[in-house]
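We just call them A, B, C, D and E in the order they show up, numbering each chain from 1.
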Amino acid sequence: MAWLDSHLLTATVFLPFVWSLAGLLIPSGTEGGKTSLKIWALLGSLLTLAISVLIYQRYIPAGPEFQLTETVAWLPVFGISYSLGMDGLSLWLIMLTTFLMPIAILGSFNAVEQRLKEYYFLLLSLETGMIGAFVATDLFLFYVFWEAMLIPMYFLIGIWGGKERIYATMKFFLYTMVGSLLMLVAIFYLAYQHKVQFGTYSMQVLDLYKLTLGGGTFSSPQSVMFLAFALAFSIKVPLFPLHTWLPDAHVQAPTAGSVILAAILLKMGGYGFMRFAFPLFPEGVAYYQLTFMVLGTIAIVYGAWVAMVQPDIKKLVAYSSVSHMGYVILGLFSLNAVAATGAYYQMLNHGISTGALFLLVGMIYERRHTREISHFGGISRVMPLFAVAFLIITLSSVALPGTNGFIGEFLILLGSWKANPVLTAIAALGVIFGAVYMLWMFQRVMFGPVTHKENEGLKDLSAREIAVLVPLIIAVFAMGIFPNFFFQKLEPSIERFLARSIPGGAAVTQVVDPVTSSVQLVMKGN
Amino acid sequence: MESLTTIRPELLTLSSEQFSALMPYFWVFGATVLAILAAVMRSLSPKWPVITVVLTGLVGAIVSVAGLLGKEPVALFNGMMVSDNYTHFFSLIFLISGVVTVFASIRYLDNEAMQHPEYYLLVLFSALGMMLMASSLNLIVIFIALELMSLAVYILVGYRRTDRRSNEAAVKYFVLGSGASAVLLYGAALLYGSTGSIGIRGILDFVRANPAALSPTFTLGAWLVIIGFLFKVAAVPFHMWMPDVYEGAPTPVTGFMATGLKAAAFAAFLRVFVSTGYGAGLTTAIQTHLHDILWMSAVLTMLFGNLVALTQTNLKRMLAYSSIAHTGYLLVGMIAGPHSEQGYAPLMTYLVAYAVMNLGAFVVLSILATRDDGGLNLHDFSGLSRRHPWLAFAMAVFLFSLAGIPPTAGFAAKYILFYSAVQANEILLVVISVLCSAISVYYYLRVLVYMYMRDPVGTQTRSPVSVWSAIAVAAMVAATLQIGVMPARVVYAAKKAITSI
Amino acid sequence: MELSPVFFYVFGALAIACALMVVLAKSPVTSAFSLILVFFAFAAIYAMLGAHLIAALQIIVYAGAIMVLFVFVIMLLDVTRDTGEAGKPHPILMALSVLAAMSLLAVFVWAFKNTGTPAILGPFTTEAITAAGGNTQVVSELMFSEYILPFELTSVLLLGAIIGTVAIAKRQMSAARKGGGK
Amino acid sequence: MNQVEPWVVLSFSSIIFMIGFTGILIRKNILVILMCIELMLNAVNLTFVTYSTLLQDMAGQMSVFFIITVAAAESAVGLALVIAMFRTLRSVSTEEIQLLRE
Amino acid sequence: MLALIALLPLIGFAINGLWYVAVQAPPGGKKAGATVSGVIATTAIGGSFVLSLLVFLRLKGMPAEARVIEQVVFDWMTIGDFNLEMVFRADPLSSIFTLFITGVATLIHLYSIGYMGHDATPGKFFAYLNLFSFSMLMLVLGGSLPILFLGWEGVGLCSYLLIGYWYADMDKASAGKKAFIVNRIGDFGFLLGMFMIYDKFGTLDLLALRDTVLQSSSAGLLLAADLTAITTICILLFVGCMGKSAQIPLYVWLPDAMAGPTPVSALIHAATMVTSGIYLVARLNFMYSLSPTALTVVAVVGVVTAFFAATIALVQRDIKKVLAYSTVSQLGYMFLGCGVGAYSAGVSHVITHAFFKALLFLGAGSVIHGMHEEQDIMKMGGLKSKMKWTYLTFAAGWLAIAGIPPFSGFFSKDEILWRSFSAEHGSFLFWLLGAVTAVMTAFYMTRLFSLTFLGSPRFKEQGEHHGHSTHPDGHHEHGHGGAVHESPMTMVFPLQVLAVLSVIGGFMAIPHMSWLDHWLEPVIPVDHGVAAGVAPAMEWVLMALSVAGAAAGIFFAFKLYADLAKVEKLKQRWAGVHKLLENKWYVDELYEALFVRPIYTLSVALWKGFDTAVIDRVVLGFGRVSEWSGQTVRVVQTGSIHLYAFVLLIGIIATAGYLLYGLA
């Protein structure tokens, strides 16, 4: 068991890749070959899911910070090592990845008919990259996974994408790449600082947490490096005004690509903030707190507004991602437990809901080969089951209480109010506009008479599609009703995150202003 | 007055260590001689015997170099030459790139109807020249070795004799290269004049002994020598010849130049650089100024190479500009070397990675080149992944590596290089470098776009892939990935090599 | 330096004048002959500097072999009358070139002027050389002992150059060889 | 003063060197350019010899010996290339070799 | 048990929903089963009613001060100090709400069995109804604000779904969306209020909050800043109420909401959901009472809404629209009551209003059903004879809303009017506006009643009764089909029950001996304080005045609408005013112009003008600048060997010069 524990993460990370390598051997010429290729890929992702459940089970929140660790020297002279480990922050994102992967694969059974072998190979390699990034505790290793992830995505969009796929995929790749390069420089600088301060090079995140770096001014190391990290992560999130790659990438990507992109790749940004940018540069965070909160708020409202007027469903969902991820930023920069938990939860929610939305859009795209909202109307009558599923996911997206979306947004706003009521009030406008664009889109697609003849004969969901959607719908409600199930394994990690991210460290408990403290004293006296 | 002892018979004998240290050179030169014999024997059809001999020579040299690895340095010929790990490290690069070039050339020459034994001989000559450049400790020997290498390469560049572009490239290269050699030589003369020694060790001793006595001529001489090397590696502003020459040369030769020649120039450059005491005894003013110059040159090189590569549509020319850009990265390593913990090891690692990926890319280009080096425009690559899935995959690996994206050699090496530059506190330079390499991503990926994301244009036939090329490509892919995943061994080897100077 | 100023300046002036002729002459043949004169002038200066063997080699190799080759090629290609010279470069370009060369020259001259005579002197004084059998003897002895490596390398280089020259300048590859060794 | 100062000799050789370099810049006939390269090498040789005498050291002269040989080989190769070029282009002008650009 | 009250409808929802999804929705699925669905749903909510009754009785059996039953189902969210339990709590206020909600809802479910008998997807309809009941019960039983909010949004959702139930009609779908969005605007305020409460008081649990506020206020710990905060909180929460309870300026969705099936209008948009705003204010009375400003805001908004909506109701022709505006108006009353501190008066009006308004709506539904989807009262008339039960029960509702003693409406409305005048925060203006509204109420209800049931028929009856189409869209398509007929028993029975309740409901809150006040006392402190200078006798005077006003309104309406030609003439004379009222003061158009259009335009501008034109251009600009510089620089590579050598020379000069400069 001990052996298993110390290699569990490696196994999870590389299983999909190795599995997909083996899949390359399957002859894909015939129909039967194609089918077996699909099944093979699905099995691989399911197996990974199974292993990740083991991770869930092994992780003890009360235990040490990183668990299931594994460290192998990689480039010792530079302090670079292959070291994996996971905590609560990693756990749920890993689970999200492994949970969504089979769904994405199953969802693309009909969508992709060309170059199947490459397709599933890339999808599964992508999974390796993503899980790897979530469990890397060495900054360099993290960066390796972070960048390596781009390759499969680049091809997925570029080969199986829509008309403008090349523009989109180049934009996606370059945006992300450019953003992350400066982070790499900062990583190097950190390792160098570790040498200066402790005598050895190290890229271990736990070692780097211990660095003391100057902060507080624009040009102080913390501020500068925080900005370098934040640039990389903000692009990935994506934070206004660095979001313009997202609509293009989303619209052009094949369904599974959009799902993974929205559901997991964007989370890399948030995860990066939580794991690296914040704890490493608390004073940088403090210095830029307001800036980023403002940007997050703008993203919320801006994303919602722009989403509202999109003629293309996928683009609308893409902009809604901007809006939703704006909440994450707002929550993280509020620097308190409630908001941070909410932000993390919002990432999971967004993964589920937006992933599901893209799947749904993909399903209708397969039938109609269009995503223009104006080409639909009255679909609800033709495809009632589809309508039900779409409705549930829409509601999750507008954060209706009882669904997962609510928990995230509620906690974020509740927490951010403490940090900045004015911005919170503006951000809460997103609650209104979120409903506006989602429901308006829903109405135009689903309601009214069937205005296009082509839509008359659309088939309702098939059994496979139902199988794709049901887990997501269950997740929507499960997460909305039993968030504590998730919080339990998350709490210590969030606390540690905050303890490191607030300058001065210990001030994790909420700051209470003097006026209300007396009131609260009375309350506690009861 | 003491009498002069000019006759020293002991210099003409070789100890067994010295002999075995010279084995690689014997292998190569022996192969040359044998190949000449094989070529002139009319009864033999010249292709395979010559190739066999040439490959045997190269492989034999590789084997004997491998046998020498890790041994104590052996001084040869009155200290004019040394066989140390540094030599071996670079020899391996040259020899492997020689082998790969030969592999890539076989089918290529058939295609171009110029399957002559001379071609392989010239490859051997230039490989020999490269090896000597890395091992010599005397400026004159370096010069001769440089000329040996260059003369062979001049001919190789112009080898497609009936092709205008090839001719043009050869003449350009010759004129400018000779001019640069003259400059280098002038520098050697000045160094000699100001230190009284033409040997690198002698110069170093002089610098160490009289740090204050460094004269303008010394500085000027050292710099002119360095310019000679900067010309060969094509650092801005000494780069002008490179794109034209790369484009005009036969594709395998371009690959050979981009890797072997560049590595050789860096090998000698580094030796002289270290020897003339950058960081070892020059006055601070000179050091600062030298640093500034290299810094500017590195920045300009990266910018120029990458920006112009952006606008290229011919792959060969694009890779030429990208080669300039890579020189820029290497110069970053040059600048960082004296001040970072790993010294020049990252630079050498990068050279290895660069050699591997670039060779691979050029082998692929050699395979795809149609007659007269046509068919290397971007649109010729449309839909390559349909015609040649494996070739396209290999090319993708090389391009990702050139762009510095994990998990490839280019990534590992490039960022180790930048890492050490950060250690040397060259933050601004590193920032510029990474931004430049971001630019480079665009044009590398554009090739991928054509290969994978566009449909084939017109009727393009599958180019036949020879077994040899296939082996070469596969080996380079494997090496690219291997170094990308496990760079440590190369770094250690480089470290060992550089410390043996 | 035991260099007689008068001779030096005479030969120096001759060399410079002829060098300018090389560059400025309209006909390549004129250039070639001017170059030969430069070589002779150099040979004289070498001799005055005590490098007798070099002086001899200068005449034999340069003036004798290399220049003959040049003239031969000029004749072979029949470019005696300005065939390739399709016009002078733009005057401004020329001026710029000259200016650049002059500036670099200035840098050099500045460097030479500001460098003192080296403190370390070798053992090869004129007297020692004479004692050891003269310049030629010393050079030869050194050539085959201390400088055996460059010497041998030069031979390799020459071999390479021969092969290369043959490869590139052969009029036609024989048709029989075209197919290589199938 | 019946001796020439070393710097004068050195400057003299660098004048020749610069003349050679200028030749490369302004002459369009490649044969002449090759001659200019020879000029430059000669200038270097003179520098070597001058230093050799100055330093009372033979290394300079030895170098010149090798340089002369290399220069010969170089000229041979250069001329061969010019011949090859002339065969395809029927010209030895540098204006004809601007096909490869940008 | 508490949880079960809410859960029963949820179970009903699950069963019906699954049935819909599994059986009715799939292509070629069965399109029937209204009765089965209806019975399941009705049983579920009926069960809730019984349970509510039990809870009520149990509470009654407890000592007044201890009347709280609490049930923690599970921990909802726990993050450090922040702990939110899924807690249900029944106290007198919520139990009374639970009781009337489940009661009325049961009746309406029952009614729907008949009303929706021919619907294509009854499973869906009843699932929604049950889901609504569940949410509503969550709202009133929730022990903390977020749970209340869960119900709050849940009812909004169901309202959205049910208004847009006939989604094939785009207008109806739009109406649903409008309802949801306007409600969201309110929820925005609610959310902010909640955040502020948590920030100030560190808890969101209603009981803990009440204790904290009351104790700190009695201990004098609340400073001026805290009071300001409380005012802000109250106003923010009231924004939520404006949305949910359709007060100015967020009332606009309610009239449109009449697009939904009539039982829905009765249940959601009259009896229950729209009163949740009053519930919230009453629930948080301890906070509102601390803030006179907030109370004034509530009262002013309430009374203005009451008046304003009544003016619109005067001229509407759609039977449901009239009732809708009347609902808005009555809700205004309730807020007026709350706003002057008479929370229990507000609550009592909530209950009586639930009875009579549900009755009126169901009656209207019955009329519509009988008239085959005709909703224009100008095309009705003389239904008295054709629909006897509907007529009789409707009359009871009419009198109740008009405030004729001893019908239920009289007591609750009169109490509000009196308190609006006499209470500490009251004023004469409040009373005056309220009284005028009462007169108008009497007038337009009489108009409605008269035009619908009295006089002679203004419609053509055609031949035989046509069957309802089973086409899903068909519900409104078949127009005036067969003969006008009385509704089936399942529909009439609820009418009868509600009619009885409308008649006698008021007795639970007779002024000065109100059972309700007493019952609510643990939650809402009884305050019969009369402002200085108000004579107790005024109560009688004012009561008489308002009754007289109502009677006058009724009389005048009867008189006027006996002769429609006269009405026409009147319309001509007051054309401008009429048009203004008929178009609802152009408020929708105003909002469109003020908010919808500008935001839409702005969004398009941001998208095209900023996203694409600025950000993308900057981003692509980097690429373009690179490309451009590449193109510019590459020109250097002219291919001229001379230039190349020249650059080499320049390079040497520059570098060597700089290097030697270091020596000089």
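The rule is simple: a contact is a pair of C-beta atoms (placed from the backbone, for glycine too) under 8 Å apart; a residue touches a chain by one contact, two chains touch by 3 or more.
Note that the coordinates shown come from a computational prediction; the quantities given were computed from them, not determined experimentally.
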Contacts common to chain C and chain E (chain labels): B, D
Chain C and chain A - chains in contact with each: B, E
Middle chain, criterion being Cα centroid separation: A
Per Cα centroids, the chain farthest from chain D: E
Label of the chain whose CA centroid is most distant from the centroid of chain C: E
Maximum inter-chain contact count - chain pair: C-D
Where chain A and chain D are represented by their mean Cα positions, the distance between them in whole Å: 66
CA centroid of chain B to CA centroid of chain E, Å: 78
Centre distance in Å when chain A and chain B are each reduced to the mean of their C-alpha atoms: 44
Separation of mean Cα positions, chain D and chain C [Å, integer]: 6
Residue list for chain A, restricted to those that touch at least two other chains: 174
Per-residue overlap in chain E, given as positions that touch at least 2 other chains: 623, 634, 637, 639, 641-642, 645-646, 649-650, 652, 656, 660, 663
Interface hub residues of chain C, defined as touching at least two other chains: 89, 93, 97, 100-101, 104, 107-108, 110-112, 114-115, 118, 120-124, 128, 138, 142, 146-147, 150, 154, 157, 160-161, 164-165, 168
Full enumeration of touching chain pairs: A-B, A-E, B-C, B-D, B-E, C-D, C-E, D-E
Residues on chain C engaged by chain B in the complex (per definition of touch): 107-108, 110-112, 114-116, 118-124, 127-129, 131-132, 138, 141-142, 144-150, 153-154, 156-157, 159-161, 163-168, 173, 177-182
List of chain B residues in touch with chain E within their complex: 171-172, 175-176, 179-180, 183, 216, 219-220, 223-224, 227, 231, 236-238, 240-241, 243-244, 283, 285-286, 288-290, 292-293, 297, 304, 307-311, 439, 442
Residues on chain B engaged by chain C in the complex (per definition of touch): 1-4, 6-9, 11-12, 29, 32, 36, 44-50, 76-78, 80-81, 109-110, 113-116, 118-119, 121-122, 125, 128-129, 132, 136, 138, 140-141, 144-145, 147-148, 151-152, 154-155, 158-159, 161, 170, 190, 193-196, 206, 210, 213, 215-220
Chain E - residues contacting chain D, complex: 634-635, 637-642, 645-646, 649
Residues of chain D touching chain C in the complex: 1-12, 14-16, 18-23, 25-32, 34-36, 38-39, 42, 45-46, 49-50, 52-58, 61-62, 64-66, 68-77, 79-84, 86, 91-93, 95-96
